[in-house]
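Everything on this sheet refers to the single structure shown next.
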Amino acid sequence: MFPNKKIQSLIGHKIRVEMKGDKNILEGILTSADDYLNLYLTSTTEIVDGERKRVLGSVILRGNNIVMINPVN
Amino acid sequence: MFPNKKIQSLIGHKIRVEMKGDKNILEGILTSADDYLNLYLTSTTEIVDGERKRVLGSVILRGNNIVMINPVN
Amino acid sequence: MFPNKKIQSLIGHKIRVEMKGDKNILEGILTSADDYLNLYLTSTTEIVDGERKRVLGSVILRGNNIVMINPVN
Amino acid sequence: MFPNKKIQSLIGHKIRVEMKGDKNILEGILTSADDYLNLYLTSTTEIVDGERKRVLGSVILRGNNIVMINPVN
Amino acid sequence: MFPNKKIQSLIGHKIRVEMKGDKNILEGILTSADDYLNLYLTSTTEIVDGERKRVLGSVILRGNNIVMINPVN
Amino acid sequence: MFPNKKIQSLIGHKIRVEMKGDKNILEGILTSADDYLNLYLTSTTEIVDGERKRVLGSVILRGNNIVMINPVN
């Protein structure tokens, strides 16, 4: 399964996304994704030092600033 | 709704944009957006430590340096 | 007006450009711009802590390293 | 062998990937890769100071944030 | 003159290039440039704190990591 | 000679590559390169403070994270 297909398979599921910059980690429901890995998440929260810090709700993430995507079980 | 369509749906609304770099956070009215997520905002202010710091007026943001986009309610 | 059209409308005018990296801020006359937002500025000066620091004259800026563009009134 | 073909030849093998940012180093089984070097790894662990730190399981890595890829023998 | 044409007009001339990262500044003769602003310089020296530090000879610079290009008179 | 042709002319030769991030410098034999400047090096070593630090063997480097490429004589 190619990386972009793997992402598509995660739609509707909770994922963890590590962004570039000051160690931004986000968790949310993956609602859509395009081929650039731009992501639209809902019910998103920001994770700092392993704890939920800010409730962000719905966010759009720019693909090129995503470092790593994990499914959350 | 794909990420770029979600962005289009926010035109005319206030959004919060987190840019790469020294934790630049901007709030403004989304006036236009292209497929690279380059954004044109008006009535923009810079947010530092949760407070409005600089009034920037109209700005153009380069899509690849955008980390995250939020609607502001 | 799309972001790249907005940029075109600023040709001949003074703009302020924030670049990635150590808070590089430049002011100059926008002379040309392409679709990648690569910019050619003339009469450019570097701004540090709100003061004019270095006169740079004519410069070419790589679009992907531009964070934000502002018209200067 | 072109870089992307070399990557394809590593599918099914353990690789070490150095990501941009706070010296993220990951080791995992390369499961798929596309032409942008987006990678899908399984059985992934994070390496900090030469020691295995976090078990991440399956991850997707954005190609443009990959600095270096090594086969692990 | 578009930014890439301006670059072409500098071939054979000495330019100063500011790269991303730890304030890398290079001076050299621009020998060729492509549309991505990848540059091939000869007789290149590295500038640190306004002084010539390392003689690098011929170098290839990746366009997306170039912040700013200046002609040197 | 265009930058990408210059790179092709270095195949089979030892090059020094400066990567983005914590001043990663690598030396190795350039084995292949594509138009994005993705590189495949063999007999690679990492250089820190001018000294050889780690033997890395064969590595793939992502073009957009390359700052500068030098031939090594």
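Note that the chains take the letters A, B, C, D, E and F in the order they are written out, and that residue 1 is the start of every chain.
Simple rule for what comes next: a contact is a pair of C-beta atoms (placed from the backbone, for glycine too) under 8 Å apart; a residue touches a chain by one contact, two chains touch by 3 or more.
In UniProt terms, the chains line up like this: A, B, C, D, E, F = LSM domain-containing protein.
As the structure is a prediction and not an experimental result, all values here were calculated from the model.
Q: Taking touch as defined above, what minimum step count separates subunit A (LSM domain-containing protein) and subunit E (LSM domain-containing protein)?
A: 3
Q: In steps of 5 degrees, what rotation angle do you get fitting subunit B (LSM domain-containing protein) onto subunit F (LSM domain-containing protein) on the CA atoms?
A: 180
Q: In terms of residue numbering, is the interface formed by subunit A (LSM domain-containing protein) and subunit B (LSM domain-containing protein) classified as same (over half shared) or different (under half shared)?
A: different
Q: Taking each chain's centre as the mean of its CA atoms, which one is most distant from subunit D (LSM domain-containing protein)?
A: Chain C.
Q: From the C-alpha centres, identify the chain that is farthest from subunit A (LSM domain-containing protein).
A: E
Q: From the mean C-alpha coordinate of subunit B (LSM domain-containing protein) to that of subunit D (LSM domain-containing protein), what's the distance rounded to whole Å?
A: The computed centroid separation for subunit B (LSM domain-containing protein) versus subunit D (LSM domain-containing protein) comes out at 32 Å.
Q: Find the geometric centre of each of subunit C (LSM domain-containing protein) and subunit D (LSM domain-containing protein) from their Cα atoms only, then give the gap between the two centres in Å, rounded to an integer.
A: Comparing mean C-alpha positions, subunit D (LSM domain-containing protein) is 37 Å from subunit C (LSM domain-containing protein).
Q: Where in subunit F (LSM domain-containing protein) do residues touch two or more other chains at once?
A: Residue numbers touching two or more other chains: 20-21, 64.
Q: Quick one: do these chains touch in a line, a ring, a star, all-to-all (complete), or other?
A: Per interface graph, the chains form a ring.
Q: Applying the stated contact rule, could you write out the chains in ring order, opening with subunit A (LSM domain-containing protein) and then subunit B (LSM domain-containing protein)?
A: A, B, C, E, F, D
Q: Using the touch definition from the top, list the residues of subunit D (LSM domain-containing protein) that touch subunit F (LSM domain-containing protein) in their complex.
A: 1-4, 6-7, 20-21, 23, 37, 63-64, 66-71
Q: Within the complex, which stretch of subunit D (LSM domain-containing protein) touches subunit A (LSM domain-containing protein)?
A: Against subunit A (LSM domain-containing protein), subunit D (LSM domain-containing protein) makes touches at 19-22, 24, 26, 31-34, 38-40, 56-62, 64-65.
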